[in-house]
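Read through the structures below before going on.
Next, two complexes with subunit A in common: one pairs it with subunit B, the other with subunit C.
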Partner chain A sequence: MFTLIIREIEDNRIFFIAAAILAVIFSASFIYEQFYGIEGDEHVTVPAVTISFGIMIAIPLTVAFCGMGASQMYWDKTKKISALLATLAVTRRHIFIARVIAGFLLVLIGFIPIAEAIIMIFSKVGMPFPSIRGWLSFEVMIPSLLLGFACYCVGLQAGWTSNRVTPTLVALGLSVILIPVILIKGFGWEIYAVLVLLIAACLIRAWYKFSTAAL
Partner chain B sequence: MNKQTGNPINIMATGLIVMVLLSLVLFCGRFFCNTHLIYNMPLDSSRVILSTSGLIPGEPAPKRVVEEEFIRYGHVIDQNEPNFRYSMVRVYIEKYNVLFSAIGALQDITAEMAPCHDVNERVCYWSYENSGDLCFDKRTGLIIRRYKLSDPNNKSLFVDYFAGPNGISNTATPSLGRFYDPILIGSYSTDFYDKKTHCFYAIDFDKREVNKGPQLLQGDGREPIANQGGGGLWWLYGVYNEVLSISWSEPEIFHAEKDKWEPRRGFLPGEKEDYGFNEGDWTRTYIPVLDKTGRIHIYNTKEQSLTQCGYLPAPHSLFESEQQNEIANPRNVLGYIFCPVTAIRRLPADTNKLPPRFDVKYLGVCVACVSREGTAMAVAVFDPNGKLIYRGDTQTNMVTSTSSGMVSTASAVYSKSPIATTTLFLLENLQPPVFEITSYLCGDCIEASAGHRALFILPNSFVGMLGRYNGTKFDKELFLPLLMGPSLILSIWLAFRVRKDAKILGLSGTAKKWWTVGTIAFGLPAYITYRLTRPKETLVTCQNCGSMRRPDMEICHRCGSKWEVPELTPPNWRICD
Partner chain C sequence: MSEYAIQTENIVKYFDGRCVLDGINLKVPQGGIYGLLGRNGAGKTTIIRILLGLEPATRGGAIVLGASSWQLPVSVLGQIGYVAEGHNLIPNYSVHRIADLYRNLSAKWNEQFFRRLIETFRLPMERKVSQLSRGMKAQLNLSLAMATEPKLLILDDPTLGLDTVARRQFLELAVELISQDGRTILFSSHILSDVERLADRIGILRAGKLVVDCEMEELKKRARKLRLIFDDQPPRELPITDIIAEKRQGRELILTVANWNETKQTFLNVFKPASCTEIPMTLEEIFIECTASGTDAAVDYEQGEPICSH
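After this line comes the complex of A and B, so read on.
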């Protein structure tokens, strides 16, 4: 399983590198903005800038996650990677689980630097209400992480085709449709319910497609 | 192959994905339509201005400003009284905030700021940069007031005081007792109601006193729910998230010699001294509290009494025409606000060392409510005895080919923009019929603000509004098919298409039945799900009946004939060397 995960990461290293670079660039610019670029009451500007920044980075990151899912399935179908692996001592289930774990790792790589940056800033600034710090670092990050993973899972749906244009456009469209869910539903139990159900549904459908396809 | 067992799960998973994604697209469409509808309304339709509130003794009954305001010397005044102004009430619907109700992330962030809960399980009620803050420690059950002291080195020092039901101390000791579930009543005050012990408490940190107020019986309808205006954090962060704003202005008189307006003091019946008139009560003697039924009570902190002083007036809705005395449930209105009016006179001090004393009289309260949809507002004014002296609603002038006149904004908002209304109606009809029926039956179970963020069950849709219609059952049942008509027609047409396609594909009778019922119930999402999950086999022509048949089935699903396999008879000739 570990070898399969490594192989998935190597095959899609471009996404991992891109997500890491994006996350580091955004985190660095975010930290710079917070400490040097903002005038006025930091207690007012920090939450405002954090929210604006979150919305700003959500789009490229979620598109990257969705693209990774679509890319994994597209290259598998066109290059017959699973057909080759199936000749070895691995099952389709192993291949699929390794693929999803690699996707989840990508989401973590995209999120952890940004989450760290936000937590660091809030610790430095010293918000008047410690709850905001804890809330932003946990209650906002977990739904965001789920949203990223949901985008990846939606990408898995879009990629299982031989057409090169379709997965790109569908992945882009679906991820843009999905981003507003966090704005609409906020950060309460409803967003957890919607995203967990969506992730489960996407994984079931992707597994069904993958397991019933002729290799 | 696990196709047979896996297929229903795959269909349900696909259906869920389609449902969520389609609902998000439809939500965005509805949001843009609602934005257009609300912003298309003229300014005067989102406000109610009373040229006299009628609460100051000697003033005429409340009167609404219908025409353009008459402004002189920078103030809105009555044209007949150019140098004098009665007390006025202005109530506005904040259009931006009505739309922000649909953005849950913003709601959650602002809700987290006031009041806020920290990692040490403390509920912060308010916080001032200069005077510290007030919070409730869930762990000890004590209310903590932090004072900020300044020392000569300009360093901030903080001193904490802990209040329990038994007193106040500078250390948290068990002898203070504990509060269980206190809610702050009044803005920036230190008056509480403990929801578990059903008791009011007035805490005076300056005098180091905790006064126990009236204790309600369990199930008493007067139990307060609202912390009206509590917490300054909303203002602090500039995210003032109320959908209504209210202001009461005191009576004023123009002094020509000074060339400025000055507040007019006045005499109350039976009083020899004159009083100043105020919006709210900064002495914290009279605090308005709201119970869950929509009744407003005045909590007298001096007499420790609780008296009903008014109620939330029910605003109009598209299919509703509320009656004068109908009370709105706080859950069913998008926002409410109330403003008590008091007369305050400073009493002569006994000695210079004692703090000043005040004589406070309660004069009445102005209350406003905005409808669930955010399209209409009701304003009411109650006298000191809780008697309704004014009731008004937002209205706008509508001119049609047959008539013209003032109509409620609840219906006018849809008439002013026919294209946006039609688009909104059609978008709502793309929702599954089963959700529309649920919206009709139990849409009002969803809290008003949450209704703006609903993806599946839409309490603010036309069908949802019809469900709350207070007319006859016959009218409701007459309108329901009309409002759901496009949705039902679309579902039935899609079900017909699905059934036809399923027949061509040779799905089993049970599968055809389920798909037909499912498409009628879930409409467009079910149809998209069917298109995504239907068998992808390429059909071939049946040699027996000539119809298209499935190559993966042993018999033709149209005529039942088997595959015609040509008999392999050996040829008579042989190849020889």
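After this line comes the complex of A and C, so read on.
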């Protein structure tokens, strides 16, 4: 299993690098704002800038998550990777689980720098700012993780196709739809439910396609 | 453990409404080399893919090393080596990386044997698979499959793309592998001389049906090609079953018959041919007779059982 996960990460390293870079950019700007503030328009508040910048980063980040899922499945189908792996001492279930674990790791990598930035601020100032407390709250971090993973799962289920256009359109569509849904609806249990259901549906669909397909 | 490494039960496979395999009952005994022959599109690769669980059968199923082929457990997969037609290796991986993948994901791995094969074939470890020639890909695929020390080795046209020397090396390797107790090889090939040299049992597919399934020697013994010369015109119909092919020219009748036995000889003698001589047949000739289409006899034959099935 470990070999399969490593293989998935190595084959999709471009997505891991992209996610890490985006997360580091966001974290750096976040830390900068918290310590040095924003000069200029006094009506612009620090959290407002952070959130708007976060949304700008979140869109390419979710596209990266979705793209990774789609890319894993698309290249598997076109390069017949699973057709090779499934003839070794590996089942389709192993391949699929390793793939999903790699996807989840990608989502975590997208969020770990942000979490680290928050921890750094904590250790520096000794007490949380009100805005940091908001970021740290369960209500924000968990839906953000779920959103990233949901995007990945949609990409995963859409990617098992010979068509290059479909996965790309799905990725873009999701970025456009899911983020505004959260912004409009706000963070809460409804969002948990929607995202968990979306993840479950996508994973079940992707597994069904993968487990019954000719490799 | 069953006496058969592979046993299929009435496998039927349709692709887009077209029947590709029609009721295949194949039995590959443990510890032998089984040669699967057939023309392009006869269904050889499809059978192999179904056996490996890469392709679902429309109906029927297969038991491979005691497990259902569609859901082979890791313990069984670890005992199977496979060389795919076209050498299905991940193109952007280096030889080294592919070898690492096999090493880490195989149940067994014989590094010494693998190194020996790599040196024999002179394969560059750092080169990408996509940069290898077709022959080198074949050699790499064979090396990888053999290094896993499989109990069952499935080879789908493995010598395709190999030069004469490499083909000979492969045959020697296959013999070396099979000389170890209990190893079984199923291989399909277009090169009949390889099959004739290597296989001890043979199956011939024709238009999705298994028309021959028996031991090589048995096949050669039971498939007869006879040149019959009559005093007058040859009889229009002969009361003999399993006629694979017949060719008439004047007083001469050339007849290819499967499952030849004394009863058929007796029936033939009733027509009192002036002379009856046997034309020796190579595997290639038997194959051509069995798979050539167009004759009525061949069409009739398609409805029947395999010409020898034991």
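By definition in this document, the second predicted complex is superposed on the first by the 185 of 215 C-alpha atoms of A that agree within 3 Å, B and C clash if a C-alpha of one lies under 4 Å from a C-alpha of the other, contacts with A are read in each partner's own complex, and residues count from 1 in each chain.
Operating definition for what follows: a residue touches a chain if its C-beta (ideal position, glycine included) is under 8 Å from a C-beta of that chain, and two chains touch if they have at least 3 such contacts.
Quick caveat, the model's predicted, so the values are computed rather than measured.
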Comparison of subunit B and subunit C by subunit A residues contacted: B
Partner chain in contact with A:Val194 - subunit B first, subunit C second, else both or neither: first
Which superposed partner A:Val90 touches (first subunit B, second subunit C, both, neither): second
First (subunit B), second (subunit C), both or neither touched by A:Lys185: first
A:Thr212 touches, of subunit B and subunit C: first, second, both or neither? both
Subunit B versus subunit C as contact partner of A:Ile81, first or second or both or neither: second
Common ground on subunit A, meaning residues reached by subunit C in one complex and by subunit B in the other: 212
Subunit C-touching residues of subunit A, taken from the complex the two chains share: 3-4, 7, 79-81, 83-91, 94, 212, 214-215
Touching residues on subunit B, where the partner in the complex is subunit A: 1-3, 6, 9-10, 12-14, 16-17, 20-21, 24-25, 27-28, 102-109, 112-113, 116-120, 124, 127, 133, 233, 236-238, 453, 455
For the subunit A and subunit B complex, residues of the former touching the latter: 43-44, 47, 51, 128-132, 134-135, 139, 154, 157, 174, 177-178, 180-188, 190-191, 194, 197-198, 200-202, 204-205, 208, 211-212
Footprint of subunit A on subunit C - complex, ascending: 49, 52-56, 72-74, 77-78, 80, 82, 84, 88-92, 101-102, 104-107, 148
